[in-house]
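You will see two complexes here that share chain A, one where it goes with chain B and one where it goes with chain C.
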Partner chain A sequence: MRSVKKEEIYKALVEIVGRDYVSDRKEDLYIYSRDPGLEEAHEPDFVVMPKTVEEVQEIVRLANRERIPVVPVGASLSLSGLTIPYKGGIVVDLRRMDRIIEVNRMGRYAVVEAGVTQGKLKAYLEENFPDLCHSLPEAPPSATIVGNLVIHGQGHLAQQYGFNSSMVTGLEVVLPSGDVCRIGSCALGPYWFSVEPFPVPAGLFLGWFGATGIITKVGIRLYPRKRLRDVEVFVVEDPKLVPEVVYRVAHTEMAEDLTTSAQPYPPIYQGIVMIQVYINGDTEEELEFKRRLIWRSLKEIIDAKEGGFMALTPDIRGTLLEEPIPTLTRFADVLRGGGFVYCGAIIPVEKFPEALKRLFEIAERHQVTFAHSGRVIGRGHCMMFAFAYPFNREDAASMERAKKALDESYIATLEMGGIPWKPDLSAQRMMIERMDKGAAELLKRIRKLLDPNGIMSPANWGVEP
Partner chain B sequence: MSASLADIHRCFRCGWCMLPTNFADYNCPPYVRFRLEGYSPGGRLWLIRAWLKGELEWSERLAEVLFSCVACRNCAESCQMRFKDEIVDWIVTAKSIAVEKGLVPPKVRDFLENVARFGNPWGLPRAQRMAWATGVKRYDKDEYLLYLGCESCYPERGREMAKNVIAVLEAAGVSLGVLGDEEECDGNEVYMLGELGLFNELASRNAKKFKELGVKKVLTVSPHAYNSMKKYPGRGFEVLHFTQLLHELVQRGRLALSGVRYKVTYHDPCFLGRYNKVYLEPRRVLQGIPGLQLVEMRRSRESAFCCGGGGGNFVFDMLYGPESPARVRVREALETGAEVLAVACPICKCMLEDAVKDEGLEDRIGVKDLAEIVLDAMKGP
Partner chain C sequence: MELKFDRSLCEKCGTYDCLTKCQYLRLDREGARREIMKLINREDSFVLRECVTCYACEEYCKKGNHPFYLITELQEEKGILPVPKPILRQWINTGIPTKRDPQHFPFAREPVLSLCLFPEFVEELGGRLFEGFSIIVGRHFFCQLAYLHFGRPSIIKERLPRIIENIARHGFKEIVFFHDECYSTFTSYARAYGIEVPFRPVHYFEHLYKRLKELEGEIRPLRVRVAYQRNCSTRLAPDKEHYLDEIFELIGVERVRREYDGENALCCGGIFRLQQRYDLYVDVQKRNVEDMVRAKAEYCVFNCPMCYYMLAEGVSKAGVRPIMLHQLCKLAVGEPSR
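After this line comes the complex of A and B, so read on.
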């Protein structure tokens, strides 16, 4: 960008949000040019932090007029570079928009601004509405609610209610033109209880990684939060049994959450797959009832000595019951190296054994350590299977190995008929190449229609960086 | 100290460190003020690393990012990694490199030079240190040496607090004395600003003086001095913060407390709370006062939101403005419905009183130190 032009745009941004909330300093551009993953850094020209939807509109209008890319960001924790401004432009850090606007207790939904973190909503509900919760992902609590929705994230209620993005009850979006629109019941009245039975244009913005507009407010469903929560860990040696275990437990409809894990270290965990079954209840009786039904559902497998429940020490149980579980974040320190990447493969549950086999093979081939964690989505309708690889930020070879393993995991996911979750740019390209041509064309047309100047997160979903 | 920065790359920049332990809101004072990722603990560590690797050159902005850290230790409290206790040391070490290279911002340079030359960060004459305390007994083999510290000797609000502490302790018959003009800076902020040579010099001077005078117990008004003196190498004396002694005096019934009729919320000072885990004693003092209703803020104890005065910021105020930590904290205190915001640190007292005025809340909430509340209680409702 020419320096005179740049100066004009800087002044215009200062007019919109105030001097304190715009930066073109190299230190700020440095930080916003990268995320904690392994994608290549690219600097934006400006970072701007709006407080209101009107400010967001003004920023987008300016960008559209000047044909400058706009990249909305939350906590930038995708680890796959989805908020890296590959074509420069304006990074819009939405975290100053951090109001919890409403909790409708009877309607069990909350309306929050785009910058509200997972942790903030959790804390707010615990303090003010202790019988309600939202579906909390295992991301750090600094991750934003909206950030999780635009990547189709999953939380601890995924096994019961599906992807978090299917829990959306309303959206407020600033379109690439700068116009603002509301979607759902909030388009007709004051309530944010549902996006149906409209035609569902919410899908024009969820899963698009900011490539079609900037979500400024969202309504999301809340669910009953029970007073008691516990976890049982079912262990099998043969990964082929995992789909059957998941099927049986899901059939009881007694589990709150169903997750899987496998890892080579410490050695006690080698050669086994753990299936964490979370249960909840308002009374001990309710909890015990659910526990009994789940045990009963797995009796045949236990009697055949093909699997069994693990005795949990208070420490392990305590760790598993943390919300969110910090061990996922701590995986970044496995090599004392400050990083990990993962391919979150959304696959049919029946593909679990193959996915695990592929993970072992990939890790072996690239000489990397690894871990698997997974979460069942819906009553076994699919699952998120993470191929996760730590790396050492100070060791280029370690980073390269992890990146190669990651790339190969994306390929493995596609070969298994799965869908890479929050794919990096190269995986997005692979997906588009393999996608049904009609679907790919539709995505392209939708994007062109909404954003004819191609300003919104232009690298994501199809535009070359 | 002087932690190695060899492990600084281990920070993943996951952001747990920005939040309190209950996640209620952002809890890193510079991040709350500036809202740019670089001012968060993780962002700061990444920028330090980029500077040390030569990816970024030293700049005014980098200096502000580094020296606006008020060393509140929220990051270390909330971080989930095994290196959590090293985070503040990494930042202090980076500051010390900037000090060694002569790169510190002018306000920080002035702070350090003033401490070195005048024994206080404002560059005020040493003679003014205790000029206000003419009637206060000088230390002479008393049970306690009452160490006041720069922040209790120079700013008006700090002096008020020191006088309140002295009045309460005298009323309880505690044997104590002060050093007078011989008192030196305790060095806490000097340390947190990375001037480790000056800190060591101050520490050794103070320790030597205490030894010469036969001091066995040092009672500090400021949590900053309390924290600093606990780090003195070869310390041959016990250190107590005045709230700890106050708690003991209240428990033993050494103070006749008639009571007060107001609602109080207590602000945990970082150097008493997060650094030294003193959470209970100040609350027990307040709970021991008849008629006093104690309510907690959303962020308290290990999750308390800092007033923004640490790391020398109470002098150079890099975090000024409507979103300054002190103003945010005062608004949070107001949410509780309390009429009194209780403090146990002269720096918190100065920062929060100024914030109450800046917010125009003088009619709705007042800032009182713990000793002042105890004095109120001695007078009766």
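After this line comes the complex of A and C, so read on.
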């Protein structure tokens, strides 16, 4: 960008958000040029932090006029570079828009601005609405609610209620034109209780990684938060049993959350797959009732000595009951130098054994350590299977090995008929190449229709960086 | 490594206490006789499948004939697995030393305390009760006896000589064992299998009693009523339990009289859970805790960390405070405890 032009845009941005909330300083641009994963860094030209919807609108209008890219960001924690400004332009950091606008207790939903974090909403609900909760993902508390929705994240209620993005009850979006629109009941009245039955699908903006507009407010469903929570860990040696275990436990409809894990270290976890079954209840009796039904559902597998529940020590149990659980953070630093990447494969549960086999093969081929963690989505309708690889930021070879393993995991996901979750750019390209041609064309047309100048997060979903 | 088992003692027994006293099998004398005959003839018996592996029959047999060790031998011989395969694998892996486990403690000097696989207590086991002690801990010092619960004595036989050799290399003449499972490995189990132990194992109770006796003038009687949770391996060294009563007397606590104490003690339930006997686990814990409450115990004292981990929450919910023995003793000598 020419420096005269750049100066003009800088001034225009200052005009919109104020001097304190716009920057083109090298140190600020550095931060927004990367995420904690392995994707190549690329600096934006400007970073702005709007406070209001109107400011967001003006920023987008300016970008449209000047034909410069706009990349909305939350906490930039996707690990797959989804918020890296590959084509420069303006990064719109939404974290000043952090108001929890409403919690409708009877309707069990909350309306929040785009910068509200998982930690903030969790803490707010615990303090003010202790009998309500949202579906909390295994992400750092600084991850934003909206950020998680635009990547189709999953939280601890995924097994019961599906992807977090299916819990959306309303959206306010600044379109690439700068116009603002609302979707759902909030488009017709003051309530944000549902996006259905409404002709404009919220899916125009969810899963697009900011490529179709900037979500500025969202309504999300809240769910009953029970007073007590516990976890049982079922272990098997044969991964082929995992789909059956998931099927049986999901059938009881007693589990709050159902997750899987497998890892080579420490030795106690070698050669086994763990299925964590979370239960909750308002009373001990309720918990006990659920626990018994879950144990009973796995009786045949237990009697065959092929699987069993662990007797958890308080430290293991305590760790598993933390929300979010800290094990991912520990895993991220297992090689020191803190870093990890993962391919979250959304796959049918029946593909679990194959996915685990491929994970072992990939890890061995690239000489990387690994861990698997997974989460059942819906009553076994599918699952997120993470192929996770740690790396040491001080060791270029370790980073390269992890990246190769990651790329291969994306391929494995597609070969298994799965969908890579929050795919990086190369995986997005792979997906588009393999995608049903009609679907790929539709995605293209939607983008063109909404964003004719191609300014919104232009690297994502088909526009080359 | 052969079990020293004298079948004639069983043939001439008459009481068959090992099975008639069992709290989980519920056998009358005739039934017990019939089943013990099967066992000594190395035949199949329902006992091999139903045994909860609580170790108690070792204590019930006053002839010292090791019925429990025999049961575990036969379980393995006949391929009977008391726990699911993945649980067994986890436990087998648990005992394999990793790079983080020190094999040698070059600066350790006597007196020495072995913490087995419980490094979480390293910091607590300081103060005047353990003044001057060196601590050894980790998988290279793990006694392996837990594999009795899994019907796999071969693992003990395979690993134990290396553990003994490693400890012996340190040249200690005597070692205090924090967990009586270790103590019993190097006494009861070693004797039963003719394993030579080149150091003198000291029971934890014995050490605590003697040390408290030295500190007697500084003890502030606690004046509380306690229930004691006997763990499985106390069954292998019942002759040391008098020290526990003497400790309680020294520190001014009353061991409440209750149904499930002494020989009649109930298991903490942890092993029942691993055996996937959930109903039994719930039932036994419930009866045990209710018994403590009925006896008006204010504290439940544990010596075994695993018992503590399995039972502390239930005990606590019933209004009885769970506490490890060393924590109780520390309170008595005015030292803070977790």
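The rule is simple: the second predicted complex is superposed on the first by the 464 of 465 C-alpha atoms of A that agree within 3 Å, B and C clash if a C-alpha of one lies under 4 Å from a C-alpha of the other, contacts with A are read in each partner's own complex, and residues count from 1 in each chain.
Going forward, a contact is a pair of C-beta atoms (placed from the backbone, for glycine too) under 8 Å apart; a residue touches a chain by one contact, two chains touch by 3 or more.
If you're wondering where the values come from, they're calculated on a predicted model, not measured in any experiment.
Per the definitions stated earlier, placing chain B and chain C onto a shared chain A by superposition produces no clash, and the two fit side by side.
Looking at the superposed arrangement, the partner reaching more residues of chain A, out of chain B and chain C, is B.
The superposition of the two structures on chain A yields an angle of 70 degrees at the Cα centre of chain A, opening toward chain B and chain C, reported in steps of 10.
Shared-chain residue A:Glu27: touches chain B; no touch with chain C. In the superposition on chain A, contact is made by A:Glu237 with chain C only, not with chain B. When the shared chain is aligned, chain B comes close enough to touch A:Pro140, but chain C does not.
Using the contact criterion defined above for the overlaid structures, shared-chain residue A:Asp93 touches chain B, although it does not reach chain C. By the touch criterion stated above, A:Asp333 is placed in contact with chain B alone, chain C being left untouched.
Of the two partner chains placed around the shared chain by superposition, neither chain B nor chain C is touched by A:Thr319. In the superposed pair of complexes, A:Thr117 makes contact with chain B only, with no contact to chain C. When the two complexes are laid on top of each other via chain A, the two nearest Cα atoms from chain B and chain C are 16 angstrom apart. Comparing the two interfaces of chain A, the one with chain B and the one with chain C have no residue in common.
Listed in rising order, the residues of chain C touching chain A in the complex are 81, 83-87, 89-90, 93-94, 96, 98, 120, 270-271, 273-274, 276, 278, 282, 309-310, 312-313, 317. Contact residues on chain A toward chain B in their complex (touch as defined above): 20-21, 23, 25-28, 30-32, 36, 47, 49, 75-77, 93, 95-96, 98, 117-120, 122-124, 126-127, 140-143, 326, 329-330, 332-333, 336-340, 392-394. Residue ranges of chain B in contact with chain A, taken from their complex: 7, 9-16, 18-19, 22-25, 34-38, 43, 46-47, 50, 55-56, 59, 61-62, 65, 80-83, 298, 321.
Note for the complex: chain A touches chain C at residues 235-237, 266-272, 284, 288, 292, 295, 302, 305-311, 313-315.
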